[in-house]
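Chain lettering (A, B, C, D, E and F) follows the sequence in which the chains are written, and residue indices restart at 1 in each chain.
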């Protein structure tokens, strides 16, 4: 059973790319990553870690992601959010930080309420300043996602986002190269998370200006406003229905 | 001694389906799951985990359930609840996430004060976005619950809720098939938790509208109102009898 | 030295029933369980667990007890209590959940300031919804308490509370049966904690009505009022002598 | 070097009685226990436990002591105290609960600002309700303290407090018996902590009345007033010099 | 792939110098260290430690850095900051405290919003009072950074900051000595962190005066103002846009 | 490289005396201990312990030091301080409590902003009530510090503070005895921490009077005022520049 979507769009869900090694051979296996967000002081919960399934480097990746989030959005208010990141239907140990870009994008989608194209898959390691860093197994990962898409029928929108610094490592099977050349499958080399967000969401990420503001309506603007509202909720004395309005104002 | 009810209804209790393996053979064993809820900041306590009886995947299941709950209901106020989930009279280690749908339903029943049909049993893995995912041992689980019901006498309302993606794996004993065909036993394929709640509680789950509201009187409406009231309680300065009114208003 | 009382009454203390195994033989050994309560946010502290003397199942039992308490009494205010439960003069590891009913009764006595008959002893496992579940070693436990009482001289009020579902397992020594028949010793089959409380305290437990109230003067009423007052104390700004009045009002 | 005082009086310090086993022989070794108290939310810190020097039963003893303290004094306000209990100059592991009565008395002395006679030494296990329970090695402990006192010269005020239930186990050396008969050394059998406090401090412990009050000027009154003031400090907004008055009023 | 910059400037990023040992030979390997800062109570998070990648001495180094920061800047308000320090793209264990000066400089850059010259690399151990202490492997570290710079082409601004107490240990390769003499590569002996900051940022560090003030516009002034504003944010009741002004005032 | 100062004075730094054992021989090795202080609720952080470098007895020593500090200074307000104690440039495990007097003095210097003579070194174990207790290796420790001072040239102010109860154990090398007799090196036998503070700081420690006050300008007065101000800071709503005045008033 293939558990991921390769079409349509969804909030808080993204296709990650993992590599499975069985004996001498290894092959790429896409996996769905999900993120949820709600007010509270639990911070960004790495479910794999909490369940003793995440190994050291994976833990480090999620912590760096947290540093990126705090630095980028939470300069004027405390990061008082509860968020959970999970590899859905993954039942073994998870290591490596090659999912950290995908995890960050899922979380940003959940925060901004902006959907992600499920026809795309993502691999890449995130730095604390949003740079996308090279990962291993890049060819297997791409070929793994390609074969699922091909089996289901290529729809012309499918493809993968990989670190720009990995582009020079590409040695792909002929059928993948052909599909890319024919415009039936896409490989995007990505240098930073904002580039990834714009491709995944078809929307401007939005650059911060000198006053510390993002352009109204941009992805980053929506994230910052949602985080500010969540920080407000933690401070409010009463949560009766009248508070509902503050939610609406953040989502326009 | 069979410790579960197969008739009537109850708040906060549900029949889960587990598989016991003894030597080479394995068979299905229903087990009662209970959930309780009260104000406070302890979060959703997984009693199996706290008592070092829950293994990694079970822990992951309850954490994903928490993400689902926070995301679905607690967008306008903090999730300041204390809840406990337990496998009653289970004295060994618990692993797997196939109980997470049942655990979520028990918790929602406790929150909404809406009873669950004890004539039904549930298996399925929950995603952070409420999707029901496939589980193992599906045939043994169904046959295990069927034989208890049969021993006590089928009452026509009994049956099981299983993941829709498991329906294709069904290879059941003749007597179960016959009972299903005769309408004496029911097998429901479930794609998401709202479908499960509606069958278990005979009530509309309620879809969220664009303003972030559930239909008045629906299960989800009641859960959200109860969680909001609990968040209010954590903020109130004085808990004298006059607060009791705020409870009543949430339960009408 | 026998360390328990088999006569009189006391607040916060109860006779539990344990089984000791030495080599091939096992025999029942009563043990005093005590509970204390005071304002604060430490929750219900299981001293055996904190001292690394309580094993997994015992821990689970105390956590289920906490769920029962929160669900039953703390619906309108947070459960901001500090309570300690201990097996007095027990110096080895403690496992099993057969003491959880007794532990809950001791705690309720400490909360309600209502004394427990020390002429009685209790065994049984509590569910999150107050049901009393079967336990092991029932005959040894009863005979163990009976021989202490007999050695000290039966006073006609002595006896044991056991789970109703254990009654069918009873195969007691002749002298115990004779004493029971003669009304010199009592065996009470108990289905839920309220039945236990009424026998142990000679007072109505009190059923909750539709408005979420217990009858004034009942055991459960006193528990709820004491917990509400403790929650108030945690919120009050100043603890000078004038606060003492709020204590009095809860204890009339 | 003998590290304890056997004369005079001091606040927050007490002579405990331990047994050292070297090879086949064991002998009693007095040890100074100290307790300090100050406002804050750290609770009662068992320094042996925090430094991984206290074993399970010792930990249990200090937790039971905490339950006693909370139950006896902190009914109208939270137990928001920071206190530290240490075995001074003890560098090995500590087990057993036979020091818990002494530890409680040192803590009460530090709270009440009432000095303890250093001519006395204490052994005994405390229950959550203040009862003093039997301990092991009673003869070695008494003889150990007696020989130090004798070496320094008996002053007529020296002696030991032991559990009343241990009196029947006494088989002491002739010279100890002679000294006791001659009124040069004292052995006090103690049933509860209030009896111990009165001998150690030459002051009424004070019984609680129906209104929950201790007699003005009694030891227990002073403890309760000091704990109430500490709870007040935790609530006050500003700690400038003007607060000093609230300390004075509790100590008259 | 060389993952560091050896030109330009950046906020919150710095080149550290590590030593890798493979078999008998060891060589210097520069590594990028990053730091991010945002309001909240998580403190200074050492990501290596949290991910179980940092060993004891590295942990100690980051804790000493925390003491330095608290002592130097947070005397008039609580250090209520969330900060993360990471060795980017380091996937093994990290030990030693020779990165603590670099880590402190990265953090101060992130706090002050003042960029660091990426043409420089730093090694040195920080004391709680800002002194720079000697480290091991000084020659390999310098030569390691020199060869990267040389391979990319020396730009005249490149160089290393090392502890002044290490200068006497220098025994460098001829080509490094030649480059230093020719003014093409620089070696700075540093006695305290303020000297390091001034070279890394081309700006006055700023000495504290008797009133506890740093000169307006100095690095230390900016750090203190940013930390004060973050402490303010933690106290504010509402985080709406009007708070943004307080950010601006700290950055002029 | 000798890493300590043997001349001048400094705030928050002190020379401790440790013993190193290599094979059969052991010799004294002075080590710098530093302490920093700032507002916040982290308590007194023992960096050795946090970095898993401090062993049990060292941990116990720092906890006893905390009890001393709380008891002596924090009677009227909570001990809401963040402080860090470190053995600078110590990279191995640390055990024993013979540094606890020195650690306490460094912390008090950091709190009172009063410098310590670096020409002196300190060894001794502190009790919760400020008594200085005997330690081991006293001769090696003194000789170790003497030879560093001699190598640098004796300045007539150098010397060591040792527990008074260790004076009887002194069997020092001839050259040390000669220097002491000639007034070129000093050995001070210390019974309590106040005596140590007065020698280390050339200032009155200050005895507490019946109203709980220390004499204005004494060391203990300054510590208490600084701790009170820190407790105030934790309570203040806003930390803008106007708060700076409260710092000034504590330091006059």
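One rule holds in what follows: contacts are C-beta pairs under 8 Å (C-beta built on N, C-alpha and C of every residue); 3 or more make two chains touch, one makes a residue touch a chain.
Please read all numbers here as calculations on a predicted model, not as lab measurements.
K.L.:
Would you pick out the chains that touch subunit A and also touch subunit C?
P.N.:
B
K.L.:
With chain centres taken as the means of their Cα atoms, state the distance from subunit E to subunit F in Å.
P.N.:
Those two chain centres are 30 Å apart.
K.L.:
Can you work out the whole-Å distance between the CA centroids of subunit B and subunit F?
P.N.:
Computed value for the inter-centroid distance: 59 Å.
K.L.:
When the C-alpha atoms of subunit B and subunit D are each averaged to a single point, how far apart are the two points in Å?
P.N.:
That gives a centre separation of 51 Å.
K.L.:
Two-or-more-chain contact residues of subunit B, please, as numbers and ranges.
P.N.:
Residues: none.
K.L.:
Line, ring, star, complete or other: which one describes how these chains touch?
P.N.:
ring
K.L.:
Follow the ring of contacts from subunit B, passing to subunit C on the first step, and record the chains in turn.
P.N.:
Listed around the ring from subunit B, going to subunit C first: B, C, D, F, E, A.
K.L.:
Can you list the subunit B residues touching subunit C in their complex?
P.N.:
1, 3, 10, 12-13, 34-42, 45, 47-48, 50-53, 82, 84, 86, 88-89, 91, 110, 233-234, 236-241, 243-244, 246-248
K.L.:
Any idea which subunit C residues touch subunit B in the complex?
P.N.:
Subunit C reaches subunit B through residues 43, 56-57, 59-60, 63-64, 66-68, 70-71, 74-80, 97, 125, 127-129, 133-134, 165, 211-213, 228, 231-232, 235.
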